[in-house]
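I have a structure I would like to understand better, so I am pasting it below and will then ask my questions one at a time.
Per-chain residue numbering starts at 1, and chain names A, B, C, D and E are given in the order in which the chains are listed.
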Amino acid sequence: MAKNIMALFQYQDDFLNAARKLKASGFDRISLMTPIPMHDAEKIAGLDKSPVRRFSLIGAILGGLSGFAMATACALVFILPTGGRAIITFPPFLVISYEMTILIGVLSTLLGFHIVSGLPAWRDKPYRMETSIDRFSLVVGFDPDDDPALAEKIMRDAGAEKIIQVEKPE
Amino acid sequence: MGKMRDKLKQYLKPGYYEKYDYHWGMTIDLDRCTGCEACVVACQAENNLPIVGEKRFKERREIKWLRVERYWEGEYPNIKLRFIPMLCQHCDQAPCETPCPVAATYHNQDGLNTQIYNRCIGTRTCAVYCPYEVRYFNWFTYKWDEPLEQQLNPDVTVREKGVMEKCTFCIQRIRQAKDHAKDDGRRRVRDGEVTPACVQSCPTKAMVFGDLNDPNSRVSKMYKNPRGYKVLEELNTLPKIVYLKKADSDV
Amino acid sequence: MNKISRRDFLKFIGAGSIGAGAGLLYGKSTKKTVELLLPQVIPPEDYSPGIATWYNTICQQCGAGCGISVRTREGRAKKIEGNSNHPVNQGRLCAMGQAGLNALYNPDRIKSPLKRTGERGNNSFTEISWDEALTTLGSRLGNLKIQKHGDSVYLLTGGVRGHIDKLFATFMEAMGSDNYFHYDFTHPFALYEANRIIFGEEIIPYYDINNANYVLSFGADYLGTWISPVHYSLAYGHLRQGRGNQRGKCVQIEPRMSLTGANADEWITCLPGTEGLLAMGLAHVIMNDGGYTGSDQNEWMQAVTPYSPSVVSRQTGVEVRDITRLAHEFMKHQPGLAIGGGHTEGNTNAVASLTAINALNYLSGNLGKPGGIIFNPEPAFPNMSIKRQANYTQMLELITAMTNKGVDILLVHNTNPVFNLPPAAKFIEALHGVPLLVSLSSFMDETTALADLVLPTHTYLEAWGDDIPEPGVGFPIASISQPVVKPVYNTQSIGDIILALAHQIGGELPVALPWTQTEDYLKDSWKKIYQERTPVDATAGFDDFWKAALMSGVWGENKTRPLIKFDRLSNNQIQKIHVSQPSFAGDEKDYPFVLLPYLTQTFYDGRGANLPWLQELPDPMTSIVYSSWVELNPKTANRLGISEGDVLEVQSIAGTIRAPAFLYPAIRPDVIAMPIGQGHSHYGRYAQNRGVNPMTILAPEVDDTNGALAWSATRVRITKTEERIRIIKTDGVTRTLGRQILGNNSVHT
Amino acid sequence: MSDYREPTYAEVNRDILRTLLETGSRYWIVFGITATIAIVCFYIPWIYQWHVGLGASGQSRSDVWGTYLSNFIFWIGLSHSGTLLSAVLHITRSGWRKAIYRSAEAMTLFSLMTAAFFVLIHLGRVWFVHWSVPVPNQMGLWPNFRSPLLFDVMAITTYLTASSIFIYMGSVPDYAAVRDASTGLRRRLYTIFSFGWRGTAREWHTLGWAYTFFAVFVIPLAVSVHSIVSWDFAMSLVPGLHHTIFAPYFVCGAIYSGTAGIVTVMYLLRRCLNLERYIREIHLDNLGKLLIALSLIWAYINILELFTGWYSGSSFQYEALTYKLFGYYAPLYWEMILFCAFIPQLIFWKKIRSSWNIMFVISILINIGMLTERFLIVSTSLPRKFLPNAFGFYFPSLVEISITIGSFALFATLFLIFIKWTPCVSIYEVKETLKPLRRVE
Amino acid sequence: MSISVRDALGTFKKPAVISIIGLIGFIIGYVIDVTVFSDASPVQPINFSHRMHVSKNSIPCLHCHVYADKTPSAGVPGVSKCMGCHKVIATEHPEIQKLATYWEKREPIPWIKVHDVPDFVYFTHKRHVLAGLACQECHGPVENMDRVTRVSSLKMPWCVDCHTKKQVENGRDCWTCHK
């Protein structure tokens, strides 16, 4: 099994340059790790619109419907008329609906986050704790036909501070 | 399918009921009422209202499902004292029913505003929403001094702390009358067969109780009295107690 | 964790078992406690579980004599309602009557016979057995009887009527003593006397408010406390709205608004004690305006001459305009009634005043007419009890006898002279001269607390008895009181005690009273009535009759009194009609206010104070609970800088009491009023040490004519003290603030 | 300002993580005090009340709701600014939000928890509280969804869930930072908390999207929560409460008190945790401007309430208003007006706006005023409804006063725990605002 | 250093297992308490066998529970009723002798209630019996029981289900049963 290479950068532009070059050189399996969210890094990683939004939308719609359904069902299980209102009453049930839209929407967004991001990370992955402080790190995984040395060179040229061989699979 | 549609229609109908089985109502003739408060004790005796003690009265935590309110009018020497017995109005659009989160109070098919004590969790919202302030809360679990507990009516629950309670139009008496009617093979309770404790005791016969569905019942006739009015009618709670205002005094 | 170590294994086991234990305990805690199902050993025949049984009996909370139905379940009384067969209350019942259950199940009842151990008044008693109690008393009585000192035995009871009264009388007669009195503070002595003067009979007639068009009440609180409130309330309801469009008018004349005053169409104040003068003023107008044309017109004219409206107006404080108007209205709206009572009875001129008020009825020709005064026929069995009512002067004689060691044994039953007599009478001091004070009472009241021997009696719900309501309802009725529950405590009915004593004493007593049980005694007594009224001897029918009477709770005869013609009164009688100014104890300068103690609907004369329902019942006029108070006009209060809750010192020539002020908008500025009933030093946990008893500062003023206590004839002064308490009342704001709560009704002026 | 030097990334980590990883004795003393007060003043009276019944409070026949409910509104109100402000500013991409939003959200969360406690305290039979949520029970009955109280239940549950997710998700990268800075058990715990966060582009990207959606959800939610709380009152017929304006009034008041609460919390964090480099004048300035705007809106709504109450001519409304203005509790009313409408106008002065100490005092005064406002709602309107005869008076009992004091201690305790659990200033977002690390300038 | 959540969770494996075992134990304990130590079948002061009386000797229910069709409460027979037969029948039986002791002392037999509804419930036997319900529908096959066991939960949904199924008039109104 091929080893991954991990490189740490001190500067964000070096790091991005390295990533771009690697990408251009045909290394597809690269992970970019940054201490702060970075738009360029996301672009390099080829991320555009996140599928999380679908979770939110579906969750919200389902929530709204289920809220109304829940209120209706609860009212119909044991019919107890109150205050001269109808059994299925829209104004209050819409409030419940509204709240449930948000509740289920939030929960399904959370679910979407977990699914899309792949977190929680069940396996141990290549990682350097400097990443959470002020270092930008880059992990390159190799396909059998890739040349690890080339990748290493690109990174070193771009100004990598440190290059480490990591055993852990990405 | 049609049946489903009818059902849905009923669920969407304000007030839900097509027609109440009975529509219990009461009239209180303020021209007869003398404010003697016999009804107050009758209610206390019938419905196991606790003896709360002086301290609780000081804190305004007395429990009287039926109280007599008094209002002075005028100034000495041309002064009048008016009495008005205030009890649960069993409103058809009761503001107190809707806000109960556990539906411990609701409107039943006799048109009564119910209170199910053992369902109550004590949010007291109903008491805030009730414009007549006739809902009383059990701030404590009240004890009866031995052997006063022997006079407790076994047909009525003794309420524990944290529970709201109010006038039930003496549901135990209504239930018993219905039971008797069934025994006699009758479908309906006769007019006058049910008298809540307050109505029963009233020394001036100021109160009349009965079924408003029955156009010939005494209460239906009293309802049409031109002196009749409802307290806080403008709130549109549709109270079922009609007060007959005091008549003018010219002979 | 591939291998479980032994240590871990033990941990798991431990966790599991702790969990299981907790689960078990939780399960236990959620279970209900075991309920038992106890069968009757031998079920009675009429017993059905869960079904109420109703017993008809009579209410003895006050003297009205209402019939009641008591609902019992599984042998326990649950609710008291009016007996709809009973003509007095027709199924209705007042607050006090309904609170009878509190008396039956009162936690502070005397639970067994007691003997005094320490000093009198130290409240130290030991429980003794009934045998011992009856033997002790029986032998003391027996000794006196043998020594021919039977007349040194005194029996003082409350308002007992019917055959129990007769039983007492027979017993005392057999003892050789004629010292059998009733003492009831609320007894309308003056009214009886006034009736005797005008009608020649010492009775209270039937006031037919039912059919009246005009009720002119001089202080009589007929809806609250006067004579028979439930009956009059029923009549009032009928008068107001029971006759189609015809609605009677009620006018109330009194210095302090009573419940009746509140319900009257017109409330007029007059100076305290001048009601009779006002009545004479009205009579003057009636005579002068030709309202009366009887043959004794001239005598009347003479009698009313001194009471011209202008004079009366000055004396009473009522405007001339009002006097003439009232007189005209009274004349015009017939049938009408003039009733006197309440504070009118509590003045030094009470008898004269009530006579004058009665005269109005005479002058308007209301006697014997529907809507007027109807005379009751002879009662079903002779009623002697009225004659035995001891008024204040007679009580003073008794007290003198006690002080002079003329009383060897004083038996007290159902009356509380220590509480109800002004201390000026020195009843407590006189007790020192009484070697043996025996109390036959259900409760440890103030008098019982001073007793040497306490024989606890049944409450009326546990005992046999009978009653003839006084006043009657226009036809003779009698009702039976039967026990509705088994005795709650180790007590005995008063009848049984008397019968047992009779047997204990021996001699001619067992001959006079051969029965051992009150029930038998009653039955035999009723048998006589039955036989008298049955044309043929029908002893066999008696059982059915008795059963029927028990079932319905009342027995009556369809018999009315033939109309008595009052063509004219004798000159003598008319000349007697003369009302003088009332006199008050205390100088007006030092004591600027007249004190009006009044009976409350809840405590009556104080007897209701031990019933928690009544203590918790807001006073109808003020909504105050659990305390006593001093009512004064807001104007007066303003002048003196007093606000609600300020504790006032109320001082009369006889004493001082302290009570909080209550601003009562419907009271004359020159009087103050206090409710009677609180201020018990004994009488159970609900009554004890609560409020004050205004009786304690009453000066011993008596009625000029009959010597009854003039309890409204004391002047007082009030001083504000530093102390201030919050009056406990249920009312918030007692003005409508313009809100349409009462249905747009404007004040009638 | 002039001597301000921007911290480096590493300094940010060090400064902020220090507040979490290093605990001085002062912290423990303060924590001990607040925790003790919370137990003695909050939980013990509550247990006592549980035992004897709600009679332990000063509530009575005429005023069946008391300080429990007014405190509930207060705490819900206080919760309003945190999450809402954070979300709004996130959506509008306001940079200055980043240093303060974490503590603001924490305030939301903990005041919401405190508020939820008041719901429980307020109940007569709290042991049956589960009947008001839609879970099966042995009666086969379900809650009544027509009740405004159930809206409350739903709203608070949703709000609590959404806010905790919002704050948690925002903290995940910071948990990773804590993880990386610690060892042993704490490291393992924070590994779990951070879900094994590495900061890959995918993770940042997903978080960014999800976070934006949370923000989008939270804004209408927060508005609805206080509207719903206001409906508890406005749906009743009680004169003085039965107003349509109540929902905006409550929302505005809530944001107002919440913003003031943020100022208070910021001041304390800055002072006690030496975060002067991160919580700066710009935050104070911006929050000050917000406070002015809110105080004006709040005052406007109050004037409207007076106007409609007076002009409607209804006896009930007029009475209620008169009592509020001139009744027993009138001093409290005027105190509220002074603290919430007049004193905040001082903030117009730049000098005052930039003084931390004065702003701290003003923010506390505003919240005292807002607490008063909530108290007045229950103490002046509820005891005086329609029937004058049933008019009463409300004064809180010792138990209620104690629980009110205890609730502040409870909030403080929770906040102190939070400080040691989550970085109270967002590390990565502060870094975002700094100059990026570039070789090429 | 691992950043894997699984590894981190591993540390907390043992406490988690212990608490899960504890929870399972709790559930088992509770279930045991509810089933084994159930209050549905209490030991009565006298070992009265319904099977003996009803099945063997064909005594109808209403013979002893005389009030069942007349009053809300079915009632247990008075001691006198038992003695009515057992003065002569099976007098030597030890359980009957227990009965005789109660009779001699004129004491009620402290039967333990098996079918007990809470105090806030209004239940009337009369209406149910008169509606033609067999006793067994609620009480189960009592005629085959040596010791009476509660077979129905007597909880509210149980009542309501039956009311719904039988379309009882106002059968779902709270105030039909709650007082």
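Here is the rule we go by: contacts are C-beta pairs under 8 Å (C-beta built on N, C-alpha and C of every residue); 3 or more make two chains touch, one makes a residue touch a chain.
Keep in mind it's a predicted model, so treat the numbers as computed, not measured.
Steps from subunit A to subunit D, taking the shortest chain of touch contacts, total 1. The chains in contact with subunit C and with subunit D alike are B, E.
Chain nearest the geometric middle of the protein is B, using mean C-alpha positions. When the interfaces A-B and B-C are ranked by C-beta pairs in contact, the top one is B-C.
When chain centres are set by their Cα atoms, the one at the greatest distance from subunit A is C.
Taking the mean Cα position of each chain as its centre, C sits at the greatest distance from subunit D. Averaged C-alpha coordinates put the centre of subunit D at 52 Å from the centre of subunit E.
Chain centres here are Cα means. That of subunit B falls 42 Å from that of subunit D. Averaged C-alpha coordinates give centres for subunit B and subunit E that are 36 Å from one another.
Under the contact definition stated at the top, the residues of subunit D that touch 2 or more other chains are 62, 139-141, 143-144, 146-148, 150, 176, 179, 192, 195-198, 386-390, 392.
Listed for subunit E are residues 1-5, 7, 118, 124, 160, 174, each touching two or more other chains.
The set of subunit C residues touching two or more other chains comprises 50, 731, 734-736, 741.
Interfaces, counted as pairs of touching chains, are A-B, A-D, A-E, B-C, B-D, B-E, C-D, C-E, D-E. Contacts from subunit C toward subunit B in the complex involve residues 50, 73-74, 76-82, 89, 91-95, 97-99, 101-102, 104-107, 213-214, 223-224, 229-230, 233-234, 236-237, 240-242, 247-249, 257, 259-260, 262-263, 265-269, 329, 333, 488, 601, 612-618, 620-621, 623, 625-627, 633-635, 665-667, 669, 685, 690, 726, 728, 730-731, 734-736, 740-749.
Subunit C meets subunit E in the complex at residues 1, 8, 11-12, 15-28, 31-32, 34-43, 48-51.
Against subunit D, in their complex, subunit A makes its touches with residues 10-14, 31-38, 41-42, 44-45, 47, 49-50, 52-53, 56, 60, 67, 70-71, 73-75, 77-78, 80, 82-83, 85, 89, 92-93, 95-96, 98-100, 102-103, 105-107, 109-110, 112-114, 116-122, 125, 127, 129, 131-134, 136, 159. Residues of subunit B touching subunit E in their complex: 21, 106, 108-110, 112, 114, 116-119, 155-158, 168, 171-172, 175, 179, 182. Subunit E contributes residues 1-5, 7-9, 11-12, 155-157, 160 to its touches with subunit D in the complex.
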